[in-house]
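Chain IDs A, B and C follow the sequence of writing; residue 1 opens each chain.
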Amino acid sequence: MSFEVLLVQAVVNGLVLGMLYMLMAIGFTMAFGIMRVVNFAHGEFYMIGAFVAFFLVTLWDVPYVLAIAGAGLATAVLGAAVERTVFKPFYGDELNGMIVALGLSVILQNLALIAWGPAPRSFASPFGGVLNVGPLVFPNERLFALGAAVLLVLGFWLLMARTQVGRAMRALAQDKEVALMQGIRANRVYPLAFAMAVGLAAVAGALMAPVFSVSPFAGHTPMLKAFVVVILGGLGSIPGAVVGGLMLGLIESLAGTLLSAMMADILQLALVIGLLLFRPWGLLGQREREG
Amino acid sequence: MSALLEVRGLSRNFGGLRAVDDLSFDVPKGSVVGLIGPNGAGKTTAFNLISGLLRPSSGRVTVAGTDVTGRRPSEIVRHGLVRTFQSTMIYAAATVRENVMRSAVAHKRIGVVQGLLNGPVVRAAMDAAAERTERILEMLSLREQHEVVAGMLAYGYQRRLGIAIALAAEPTLLLLDEPVAGLNPEEGAEIGRLVRRMAEQWSISVLLVEHSMQVIMGVCDHIVVLNYGQKIAEGSPSEIRGNPRVIEAYLGPQEADDA
Amino acid sequence: MRSLPLPVRYAVLAVAVALLLALPQLLDNAYYVHIANLTLINVILVTGLNVISRTGQLSLCHAAFAGIGGYTSALLALRFGVPPMLSMFIGAAASGLVAFAIGAVILRLRGVFFVLVTFLFGQIFTLLVLNAETLTHGANGLVAIPPIRLGGLSFASKTNFYYFALCAAVLVVYFTWRLLRSPSGRAFACVDENLPLAESSGVDTRRFQILAFVIGSAFAGFGGAIIAHYVRYISPDSFTFWESVAYIVMLVVGGRGSLAGGVVGALFLTPLPEVLRGAQALSHVLYGFILIAVLFVAPLGITELARRLRALSRKAA
């Protein structure tokens, strides 16, 4: 394969990865930006979404696309319940909120282990086969994931920018006191925001299930990537999550293809370290000065 | 003889907004200087710049001859400049005595290893800190509440505690940020007397931000007036009272002159 | 304890000391002594985490610092024949140094950022150890790590090691007790309870945040080194994120507000996974639930709960 072909394949793969990371990061940064929640269990919701999709497809013959929607919805509902019971009591107490999230992560992962065992499972995406564009080869399942993710992010952007709910969320993220004074009902918006955030993670899990397979440990790496993206793009910044996610996906794919998998990992972490040293609030985040 | 606090050309920009613009003034030793101006004039920003909470965009702050511009607050405290806060800043979970003790002990700057070994030097320093704490509690009429958990105190007592914490750090220059806000006239007058005593008896110079004209006029030797981040006037209380520019700055929907 | 008369207190203390010293004989079972040893090691590690938490920080890479200490000590002993009695302390120092390097950079960030970065650092550590195969043997880990010796005495056997671990744990706890009662300990409380006030009243908050982080992480390194020379085998799997979470659970459940919390937490939660050996996932779920329950009911842990109960009973009396 010629170098140009390799490069283009790497770029497209990078975009697919980037979309996945972006979806994870948007949800994670959203929970922080709006509710100041550091959701250490975010990866577990990815995993739950993957499992729900897996069971819907393999046990109940639900069409894949519907299964993705189902996974997203089911997880969103779970998320809303979790937010009201587990996270709400710790608003204003960031430290203990983080520890609670850690506990939740441990519970969810190990419950999945008990219920479904550690062995990875997978199922075939209905979008089998490849797309040939000249010398380039693109697996259809990845193209589908890419397309679905793009639609999702667009829909998300529309919701945040054009709807009342989205405006309410942005208002709360910007200045909670002012937003409350304007009559925004935090008790309605928060569970919705959290549901959306983990719903995105779940959809990412469902989209990547045919590609990466499904196990109780599946959420760990996406969670790690979300952290990295959020540090790159700035904690609380959704544009940052978008840009950071794509950047990370491209860097990982290009480095992995042109150098080695290990170099890809090291490069990403070196990037994070470098950023933390010189620009810790991320590329697009808010600068905060310690007193 | 140079003043205890010298502020020269102090400025701070926020984006396009000049919150403090080329501010210069002195606080001579043993005096009480007031910093007044309508809301948003930049008084608190000036305080934050001088005490190290904010970095100046330009200008210089000198305390007792040492340039402390842009240094961290804890460093500036070491040079004798201590401030209080508008919103009450106390250790809410600790007792009144412990609140003051923490500041007094911190000021002794006992090293980590020294503190671990707890030799006679350390014990003497701790005794001195405890003594100082008792004296300050006495001075600020907080002795009776010394076992009370600070978060339980009435508002007036909490403000006094804030001053006590500042005093425990052995300031030569005290920056008081609206010390009588929310207090009744009696409590306010008490604080006013305390400020005079600090300057006249305890060699502590005071820079005071206040909205209460009564306190300002009654307590200050010298007044600096800000508006829109700039100094528009300075002088003795009687000079400021009659100054047309000052009156003009205060007229309007923001400030009611209650002198 | 404080309510009892002095001679009674001394008697209780004497009995406790006697029990501790005679424990291996009383247990009379190598496996139980092993659990006691693991508990003592965890006391060291959790006490280190306690020190860090005194400035209001949360370290999600505590196990990684244990790993730095463990690998440093093991490699020095294996490759350069450094006696473990010495290499342990070098391992602890290595952890402290790395903590200083990281802390100096990231402690200026907000609390949340700091926690995220500690998580990432933990991942970096695992990655580095896995990939530096010529040095660390990667995923295979290091085997045949020499045991600790002092003169002619070897601390390889479980019973002998118990006495070593007991001394080490007592020393660590005593040092921490002195530290927290010293002016530095007071400064920690200032930084934890009201950082802007501390800074503005002359406490160098950066210095004390770094100090707590360095000391706590050095304790972790010490604990990791001890593990290495006791179990005599370490791998990247010995020092993962989940170990860090386990230490956090022990600290939170035992109690963050007091020094005894670390001890109590280690005591309660170390035997648990060993007892539930067959159902590891279940024990982890239990961990998670206990953790969340504690945060809801008694955020400062069992020791706080005990204090509250004592205060209640005193009021009732």
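Following the convention adopted for this analysis, a contact is a pair of C-beta atoms (placed from the backbone, for glycine too) under 8 Å apart; a residue touches a chain by one contact, two chains touch by 3 or more.
What you are looking at is a predicted structure, and each value in this text was computed from that prediction instead of being measured.
Participant: Give the identifier of the chain nearest to the protein's overall CA centre, each chain being represented by its own CA mean.
Facilitator: If we average C-alpha coordinates per chain, C lands closest to the whole-structure average.
Participant: Based on the averaged CA atom positions, which chain is farthest from chain C?
Facilitator: B
Participant: Averaging over Cα atoms per chain, report the distance between chain B and chain C in Å.
Facilitator: So the centroids are 42 Å from each other.
Participant: How many angstrom between the C-alpha centroids of chain B and chain A?
Facilitator: So the centroids are 48 Å from each other.
Participant: Report the inter-chain centroid distance for chain A and chain C in whole angstrom, where each centroid is the mean of the CA atoms.
Facilitator: Result: the chain centres lie 33 Å from each other.
Participant: Find every residue in chain A that makes contact with two or more other chains and list them.
Facilitator: 291
Participant: Among all residues of chain C, which ones touch two or more of the remaining chains?
Facilitator: Expected reply: 196, 199-200.
Participant: Quick check on chain B: which residues sit in contact with 2+ other chains?
Facilitator: 53, 73
Participant: Using the touch rule from the top, collect the residues of chain A that touch chain C in their complex.
Facilitator: 32, 38, 86, 89-90, 94-96, 98-100, 102-107, 109-111, 113-114, 224, 227-228, 230-231, 235, 262, 265-266, 269, 272-273, 276-277, 280, 288, 290-291
Participant: Any idea which chain C residues touch chain A in the complex?
Facilitator: Per the stated touch rule, the residues are 56, 58, 105-106, 108-113, 115-117, 119-120, 123-124, 127, 131, 195-196, 199-200, 242, 245, 248-249, 252, 281-282, 284-285, 287-289, 291-292, 295-296, 299.
Participant: In their shared complex, at which residues does chain B touch chain C?
Facilitator: 51, 53, 72-75, 77-78, 82-83, 85, 89-94, 101-103, 105-108, 110, 112, 115-116, 118, 122, 126, 165-166, 168-169
Participant: Spell out the part of chain C that touches chain B in their complex, as residue ranges.
Facilitator: 175, 178-179, 182-184, 186-187, 189-190, 193-194, 196-206, 211
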